[in-house]
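Right, I'll just put the structure down here and ask away after.
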């Protein structure tokens, strides 16, 4: 930046500078020693989460999760899909693939159970709603593209990546019949409302899904042959929780390139809204119990190599421990 | 009709659980008729918004038989109107109230806005607009978003069995919560608006005493809840500016008689709702001050955190 | 009684309408003559609406798509189209209505005059309009037409003398002249190719409206005439009231002010002085003091205009004065619970009195 | 695009003139009506032969409302959480407006709410047998939006339509599937002499503390301090009507708050004193009584 | 004058009789009393223009209610964030055509706005003299950051801005090749790297 004339130095207050040139503002912060993010966090620091469960009165399970200024409420509600009345009569009802995604994931026949059954019957209904006034960018009405993509990422995590819910736990059978026959299913409606959005909605929303599912208790449902309908037992003591698979948590990262003179990149854990708006490259790591890597998503740039990914996995494993401790203590 | 932009449930449709012995015994009222529930009200819980608030009426009994009211409000603005909007010499206020899918009893709600939500949104907007100095903000918009996370029911409306006060409670809570969020946003208002509900109920029959004619007069209940178990004859909700002693909204349901001379039921009902709103106002006052006090304390610490200096930008 | 709910009266209005139209509207009476011709040539076979017309009464109402006639002697006019030839026909002869309205014939030209129509601007028309939108150098004005009219910043009188040059400051302050919602009286200066009007207010007669009340009637209710600005001497101490009958059906009724007749305090004022006076108040939105008596009479005049239009009687100085007189009498007679709004029977009585005829039977009454 | 005929734009000079006229003692309404006077209405009932009841009402300014009521037999679901309120479905179509327009929503809510007030016993009368009930479809069409708020017109038309509504007489036993008498002359009126009559909703606007106006026009609404829709019910016993619902409506022009020096009164800031509301409601009771009588006149004439 | 004000006032709260003080910002007058309009701290200040100290008339102090800054950008004491006639703004040029430059205002006064307000700088408002010689293309380019003053609330979508003053005009710009430019004089800027000169309406550096 050498120049023969002495350029007059223009100075702006930080907030003006941030608006004027967001990426230089972020870079300038990360170039300081030690590197510090505009929020005051170090690059590898996640925001401290909190979890509260079962605070909603009409949901079968619920959780409120807050990570910094990102806050979501997740409610799980069970409703009954009857196989005996309506069009989808008895078994052998027509199974319709609901989206092209089913094919990508490799559809397994209904009888095999697992993901195929859940998908074919639409037993798990996940939706993320951002049109709540959680941020100035999202308005009430049909979901934005971002909400739709995030919803489908969550849905995929739930059904494919983690196989958290087994279809058996949702079947309602006629136990008195000679041959056990599935008469109905529980359908789990998982609705996630973001009430405050400051970046990294995925990690927070996913944690809320996990916590809400773990807090879910459904009434005992049985087939009443006389009424020819599924009936539930109002006895609270007979409500049961869901049989859930291994815990899994996600950790998201923003990769900022060109920080050092050598073009070195910096990986930011748990990016906030401003950092997300500036960064072009992102990484998501989903870790299952035992530190197993369940999924890695990466997109948008080339700065993060193997070494960087390794760093992400390392941080995600630590993050898993934080979430696990929190989820477990929230449900004592 | 399925919404292809969301993940939908089974096309065959699902039903909420039906319970074997649906013994719906109405609870017997335990609260004193004039006692108000404790309100939890806190501002600035949605930091991206210009102003925000959260309101909760905690439930007295444990999960899952009791229901509570939980409402969030966020306010954006004054901000530029969309370019398609016509010039407006004052701020345009919009209010949008939405119920979360899991907020209502019995059945999950869909995401598409229905008539109840539209009706409450318009009522809320009318109740608020009278308090805001819209003239101070030419050609701008002030948008209020309300999300009902949990409510006490009442969406099915009234029938021969009695008046539903659930929605009135939602509206009253939404008014209080939204007014707190508007104040939190630093938008100029002539007063704060608080909501209050009152109901006239059938006097619970004393099992011992014989029902005498004189005891048949309805009883006034402040801040009624559907969970109280009263048979509600009529109910009213007001939006009230206690500082100016002015009503910005009145909505009554159920038949109220104007008795000759003696006690006018409508007066009783309205005054009861105003009494509730006035009590709620005290909570509202404290809630809007809280952030300022916090802000005063924080502003000192914040300076250090920022380093206090400008980031120089050389050309 | 605060409310009166009447049973409907069926099918009498058309007769009245016909009568009053034919007696007051020259164009229409020409049309009537045309019809008479047809009647005389009764031996020509007719079909469709015309046929019915002949049997039923003197007017007929056709709806869009209805065949008015298939008699090839007629030429199609406004509000109709010529249907394509059907099988077996060489040329199409059927004339089909495109609007709902009355069939009118001038010589061999057959047209359908719409029952309800927006105003179609013509150069030189005096119109009352409302500002819908303010743009950087012009206003968009609602004049009850299918298109909004334009008023250019260069087409108005600027304060401080009509000959002052327009400056960029005027553009910045465009809202101080007219802003959204303001009413104005203007003249149609020219028409754009699409039929939209361009207005001007470059005369002291035109400009912003205040001190009064706006009445909207059907655009057909006000017909073009020599004078569209009337002054009524009202009763009951109301003083003089100005009535501006916009050709577009927008009517402004206001207290007559010193400015509006070029006098100040009863004295003639020189033109230059007048301009200065005018320029001060020309864009003011503040009303002068208007006595309750005047307001009451302004309301009555407004009701009279509405009553005349409702009963299809042409609004002009003579009729307005006559109906107004009748309305004043009516209110004296029935004191207290009179139907001052002239919305119902009261209005009909006043119009009948003014016309001197019975609107029901179409027969003249003794005055 | 053609400008809307329903423009709510109004100039400061008009606002000021209207408001000051209405604030006078005695007030002067722009069409010279007295404060409690309604504009004359033309009404007829039983106009749609294929309905169970119908009515049509026309206002002088061209405002017109047609109401048709159809009753259909519907099985009563034993386990349904839905309350009986779903037995009545109100649809309001305001010509030229989207069906989710706030006005239509408001009108529909008001009609539904006032019909189903607990004292109406309407749903009790809709019960056919323990397993079946009548479902009432009330379809309301506002043809030309009148210059004034259509609430009053709509409510009076609906009232007349309901009073002309008849349902077939049941001839089967209560435990059978219902069978009805096909003789229309044997049908039963939905609202009998003894039951509480269908409600009406009056629109009332106040200007300053002293003046209250019934059947306000759109321009009167725009300068009012407080607009209330008051629903009233009356029994044929001819006692005073009872208030069964009150709703506040948007008033003022939504923020015209120009300074007093401009001659425009700030009508949209601030609420209204409770004593004003009480006065409005009380006055509407006596006016409502006369409206019920007039409606009775229409029914009697048929 | 020993009126004590609450530490924090809330909207609708009466603070003093309207006869005692001149109402400032964040307050309104109702029933002859000055009441708070926002949540904040009541403050007294002396009117800025001492010249109006007219004879017997005692100069009233101005009573305002101000929001204390709490770290959030919009909490800066300014009550009204909207651009007003006279406001100094920073704006980014988004489009240009021969008649005007379209900009997005993102700083109003000292406050960074969360939402951008659209504005235009018309050809005749670019500079104070020789207005008819102004060419928009040699004054602004898309991406430039401009300091300007609001001269009119404008039409439905635009605020009207002016740069007709020495201190107003382009403050940050980049050359066609993306290099930062620095001001040479009021109508030229030069690339820091190549020294190439580009035309702009340059704000006088402070």
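Each chain carries a letter (A, B, C, D and E) given by its place in the written order, and its residues are counted from 1.
To be clear about the criterion, a contact is a pair of C-beta atoms (placed from the backbone, for glycine too) under 8 Å apart; a residue touches a chain by one contact, two chains touch by 3 or more.
This one's a predicted model, so the numbers in the text were calculated from it and none came from an experiment.
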item: Shortest path length from chain D to chain E (each step joins two touching chains); value: 2
item: Partner chains that chain A and chain D have in common; value: B
item: Where chain B and chain C overlap in contact partners, by chain label; value: D, E
item: Selected pair, greater C-beta contact count between A-B and C-E; value: A-B
item: Middle chain, criterion being Cα centroid separation; value: B
item: Relative to chain C, chain with the most remote C-alpha centre; value: A
item: Separation of mean Cα positions, chain D and chain C [Å, integer]; value: 32
item: Centre distance in Å when chain A and chain E are each reduced to the mean of their C-alpha atoms; value: 43
item: Distance between chain centroids, defined by C-alpha means - chain B, chain D (Å); value: 26
item: Gap in Å, rounded to a whole number, between the CA centres of chain E and chain B; value: 37
item: Touching two or more other chains - residue numbers and ranges from chain B; value: 16, 18, 22, 47, 79, 86-87, 89, 105-107, 113, 131, 133, 190-191, 241, 244, 315
item: Chain C: positions in contact with at least two other chains; value: 133-134, 180
item: Per-residue multi-chain contacts in chain E, two or more chains; value: 30, 114-115, 153, 155-156, 172, 180, 182, 192
item: Touching pairs - complete list by chain label; value: A-B, A-E, B-C, B-D, B-E, C-D, C-E
item: Parts of chain E lying in touch with chain B, wherever the complex brings them together; value: 8, 10-14, 26, 28, 30, 35, 37-41, 67-72, 74-75, 79-82, 114-118, 153, 155-157, 172, 180-182, 192
item: Touch list for chain D against partner chain B, complex; value: 79, 81-86, 100, 102, 105-106, 108-109, 112-113, 116-124, 226, 228, 233, 240, 242-250, 254-258, 266, 268-274, 277-278, 281-282, 285
item: Chain B - residues contacting chain A, complex; value: 3, 5-23, 45-49, 52, 59, 63-64, 66-68, 70, 72-76, 79, 96, 98, 100-108, 111, 113, 143-147, 149-150, 305-306, 310-315
item: Parts of chain C lying in touch with chain D, wherever the complex brings them together; value: 1-9, 118, 130-132, 142, 145-148, 180-183, 208-214, 285-287, 290, 292, 295-296, 299-300, 302-303, 306, 310, 337, 339-345
item: Touch list for chain D against partner chain C, complex; value: 2-3, 7, 9-14, 16-18, 20-21, 24, 28-34, 36-44, 57-58, 60, 156, 214-215, 262-264, 287, 290-291, 294-295, 297-298, 301
